[in-house]
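The structure that follows is given in the form of structure tokens.
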Amino acid sequence: MINIGVIGCGYWGPNLIRNLVRTQGCKVKTICDLKRERLNFIKGERSNFRVTTNYKDVISDPCIQAVAIATPVSTHYQFAKEALENGKHVLVEKPLTASYAHGEELVYLARKKGKLLLVDHTFIYTGAVRKMKEIIDAGELGKIYYFDSVRVNLGIFQHDVNVLWDLAPHDISIMDYLLAKDPVSVMSTCVSHLCNNIEDIAYITVNFADNIIAHFHVNWLAPTKIRLIQIVGDKKMLVYDDIQNSEKVKLYDKGIIVGDNNREGIYKTLVQYRIGDMYAPKLDQTEALKTECEHFLECMKRGIKPITDGIAGLRVVKILEAAEKSIKEHGIIVKL
Amino acid sequence: MINIGVIGCGYWGPNLIRNLVRTQGCKVKTICDLKRERLNFIKGERSNFRVTTNYKDVISDPCIQAVAIATPVSTHYQFAKEALENGKHVLVEKPLTASYAHGEELVYLARKKGKLLLVDHTFIYTGAVRKMKEIIDAGELGKIYYFDSVRVNLGIFQHDVNVLWDLAPHDISIMDYLLAKDPVSVMSTCVSHLCNNIEDIAYITVNFADNIIAHFHVNWLAPTKIRLIQIVGDKKMLVYDDIQNSEKVKLYDKGIIVGDNNREGIYKTLVQYRIGDMYAPKLDQTEALKTECEHFLECMKRGIKPITDGIAGLRVVKILEAAEKSIKEHGIIVKL
Amino acid sequence: MINIGVIGCGYWGPNLIRNLVRTQGCKVKTICDLKRERLNFIKGERSNFRVTTNYKDVISDPCIQAVAIATPVSTHYQFAKEALENGKHVLVEKPLTASYAHGEELVYLARKKGKLLLVDHTFIYTGAVRKMKEIIDAGELGKIYYFDSVRVNLGIFQHDVNVLWDLAPHDISIMDYLLAKDPVSVMSTCVSHLCNNIEDIAYITVNFADNIIAHFHVNWLAPTKIRLIQIVGDKKMLVYDDIQNSEKVKLYDKGIIVGDNNREGIYKTLVQYRIGDMYAPKLDQTEALKTECEHFLECMKRGIKPITDGIAGLRVVKILEAAEKSIKEHGIIVKL
Amino acid sequence: MINIGVIGCGYWGPNLIRNLVRTQGCKVKTICDLKRERLNFIKGERSNFRVTTNYKDVISDPCIQAVAIATPVSTHYQFAKEALENGKHVLVEKPLTASYAHGEELVYLARKKGKLLLVDHTFIYTGAVRKMKEIIDAGELGKIYYFDSVRVNLGIFQHDVNVLWDLAPHDISIMDYLLAKDPVSVMSTCVSHLCNNIEDIAYITVNFADNIIAHFHVNWLAPTKIRLIQIVGDKKMLVYDDIQNSEKVKLYDKGIIVGDNNREGIYKTLVQYRIGDMYAPKLDQTEALKTECEHFLECMKRGIKPITDGIAGLRVVKILEAAEKSIKEHGIIVKL
């Protein structure tokens, strides 16, 4: 039985706790939050937790083998670092850290201590993304042309991070997992419409070698909820519409056929369209966070590397940091 | 009765002809195309046209008062120029010209000759865009925050222009018409996935003063057809989904309320969400091109300035040219 | 503080309990179920309930003022009767009873004992149905022409009742509430495709005076989930699409205009179509069961009649019983 | 070259003419309509037709081998009869005739004269219905459970026939083609909301042996356009949503597994749900009427029986006539 402590019990913490509680082989022992009302809330629901406002009670407890961190981004580094230094395995909410340097330090520390560092890139554990990974790895899309993502709705405005750091980690981690390619440059534009200078709408372009392009639109100020990812290759095309209740992933057997055409003595590229069947595979309906928590336990038990390990978290932070730099300098191209 | 000549009878020309034929007060006299098969096609449908492969037969005909041009973009300048010089009113397909300099010359020439120069920004004449203009001009959206547009589908790949010059004029002209503001800078990324180096996917960002931003995604290589414009202001939000058969325009009484919150001694911006009714106004169902042709006739008769005059066409070309420059220089910001 | 006992802790019971627990002014004291595993399940979640497998512990407890019944339909009569006889207020899951005679007896008993009898017609308490009631009562639809309802999906097959008694109470109660008219006859067809002779698909037609018609399609064996109600009047038309995440209720300013046309000496009815705006009103998002539980408490406290009282429940059972009779006699018309 | 005469040039006639004109191997020679304005309209479009207001000019013309009839239903019998008697092949709009007796006479006459009698059940020639036929004939659905159809929208109110005879032939012909089974009884309810006593909304139930049921909802007075057919079997489920621009046909690998369960000593039917992939096959996009016209020519040339021959037309009229009888007698069951 692995004892787990949870630091942070705000918006996301209770979801983590609910899933950890149901995960075979682990026990949520202690929950920490600075706000007493959040602790009362979580205690009201279940009685067998120890609660505390002092995170040291979690990190220094020798009975606790793993710590889950669901606090504001700016604090991830400190909590994760202390937890690792105290020999705990760590699960940390996305994004890994607020800077690449801090993230690198955590990755190094985790390796040195021989502890797990799992970043909570929740979407990677959805049935939808896992099925898309299968499809792409089987080569069904052929050579990838582009990755386009839109994640917009009204709210939830954050106080500590802008929309880039809040929403884009979801889509960037999905792209990183599915494409498994190193980007070469990043450009981004962000706008803040409120007096607080926290940006609420951002567009990010990520370039790869071989003309592959990825583009992200994240937005807290949109009239309707859209969560749409399109991945297009030279053989097939994939659409992931997370708003749908069913058939979230659709594989289109569609594309173009390019030929050379010399008719009439004029050299022209001839483009033909190929439109075939569409197929919406059955998706595993298990809650992603449940799969993730079980994966965390499994990795601890068997000493294996998590799918969303610190290195994966670091790749996401690298792109976010570059995008932030691009924004600060009015949209310049930042090489990676 | 105004006699009209049409130059260009490829994809769009027949639509123009069909609508001009039905417009009260004008007569399509001569149709010109380089391809004899296109002339046979159009003659097969109706017998009372003169057809020719020599555009001079249109431009030099003293009985013809107006010329409609539906040829490849690169030829707009020449045909429009000669037509104006010969004292004809001109209706030219979008975009006005392939360069700002050429467009400016046409605008100047039209003014000098006292002739109309109407650019076929067809969408401006749809019931949807006209209704949106009404709503925005009535101040219903409040201060505009952003304009976001996605126009993607599979095909139709053009041989002479890239996706930027092919599709973006639609959305840029809609934005220009609705916002009626001068942009300050443009950035764009474009990718070509075919061997012909004609770009098939483009993202364009247009910045205005006061933190207003516009963004465009145009794409010939997408799995499904999307034509979605979102315009968000501080009072209400507007969505124009052109794929829908009905309720294409939706006005959302939604937004955020920003307050200052000094609770707990910490200065924080408090954001609240306001979600009200949605309203989909009845839209005039008249074919846009019909309205446009009637407007062309009306402007000729009454000597008034068209809604989509040469200046409007020029504003669109200015943005396209700047976007093209940005693309060539790998995404730099181009000031206007 | 009102003490409540709950009998039945299967599929629906836990929802009732969750909402009763959060309702100000009441306390869930005892929970009864025949299955020990269900009691353990509910206890695991919260610790402050008394649990029992003997319903007498609920019904005979003098500290309990109200009983909520969420058991199989065939047992509603007995439990509600004993609860009323013991002087308890009763909230009973839909449908009220398995027969009109039994339902009538309960209504009579409740009146005699001066106790509440509230039937859990949950949908009546949704923001959507309440808004539709407002719209209809304001006369916006004009004279009602018809009510059409489709409620289909795959599952959940019941063991004790057919799809008619399982799903149709939802839509019949909505119709009864919105139209507030007495039907004159019922016809129904039902088919069972399984070996157990429990019907899984049913069509029900209900006729009213003045050519008003209502039709219901309920189905456990459908490929996709549809929950669509259309209510059409001579002025406007209302659509309630419960599958949508937003804009569930749409009011269409649409209709026909009938004139007499004597042109060409032939007497003909001239029908013209009127198509106006569409309007999707903001809906209260409160969970319906929460509103219902609060209404139950309010009615107890203030001694008022619930919206979905025994009489309302009886009207629904009357139609169900007539439909059942029609089915048994192969679709004959049953007068009410 | 086969010369064709067309009688009737109202709503549907021009579509027939447009497609016949483009069909290889035939020539539209003469067009007849009582209204001179319709003839002018059709002549304005194309000049090479002979037009007449006297149908005898079509039927007696020895140069004409085939006659297409697109007139009001009540006149189908007379025109088709005279055409057949004059030795012409006949294509007649749906429904075949206004009565079974008349239809039978035409079928007999066509056989006697050795001429084709093709009923314009247009939907049978769509890519969607032909693909569904393929799927069903390949046994993919397994044993059919039911066929459910909804075809509703606002308009077009007919003057001569009610909604049953106007819209239901589409769906009944699709059902007849796909299921290829003989129904045993029909029940129907129809309501007229206008002063003209022409019914605008109808529900029809058709029963087959083996518990197969078909149900139709046709309606001229609905707020939105719905054209949805669901066909469910014990293996798979088929949905045909004709409103969609793409993916009109979806095949769901879904169903239930019925087992017997003797747990706890109680005999119960155990139902489990099976939810697999969804597949939307590519559909032939050819206009149905084009395919139908080519089929008509092919059948004439090769002397073969059309898919939608007089017998198929008669099967549809049989159901319509029974439904009409059921309506007249307030919804009684009419045995076939």
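Chains: A, B, C and D, in written order; residue numbering restarts at 1 for each.
In the analysis below, contacts are C-beta pairs under 8 Å (C-beta built on N, C-alpha and C of every residue); 3 or more make two chains touch, one makes a residue touch a chain.
Not measured: the values here are computed from a predicted model.
Participant: Provide the labels of all chains in contact with chain A and in contact with chain B.
Facilitator: Neighbours common to chain A and chain B are C, D.
Participant: Can you name the chain that lies farthest from chain D, using the mean of each chain's Cα atoms as its centre?
Facilitator: For chain D, the chain whose C-alpha mean is farthest off is A.
Participant: Let me have the rounded angstrom distance from the C-alpha centre of chain B over to the C-alpha centre of chain D, please.
Facilitator: 42
Participant: Using mean CA coordinates as chain centres, what's the chain C-chain D distance in Å?
Facilitator: Taking the mean C-alpha position of each chain, the two centres sit 38 Å apart.
Participant: Take the average of all CA coordinates in chain B, do the same for chain C, and state the distance between these two points in whole angstrom.
Facilitator: Between these chains, centre-to-centre, one finds 52 Å.
Participant: Residues of chain B touching 2+ other chains?
Facilitator: Residue numbers touching two or more other chains: 224, 246, 275.
Participant: Would you mind writing out the residues of chain C in touch with chain A in their complex?
Facilitator: Of all residues in chain C, those touching chain A are 47, 224-225, 243, 245-246.
Participant: Show me the residue ranges of chain A that touch chain B in the complex, using the header's touch definition.
Facilitator: Result: residues 145-146, 148, 150, 154-155, 157, 159, 187, 189, 191-196, 198, 201, 203, 205, 207, 211, 213, 215, 217, 219, 221-224, 230, 232, 234, 237-239, 250, 252, 254-256, 258, 268-269, 271, 273, 275, 330-333 of chain A touch chain B.
Participant: Using the touch definition from the top, list the residues of chain C that touch chain B in their complex.
Facilitator: Its residues touching chain B are 246-247, 253, 275-282.
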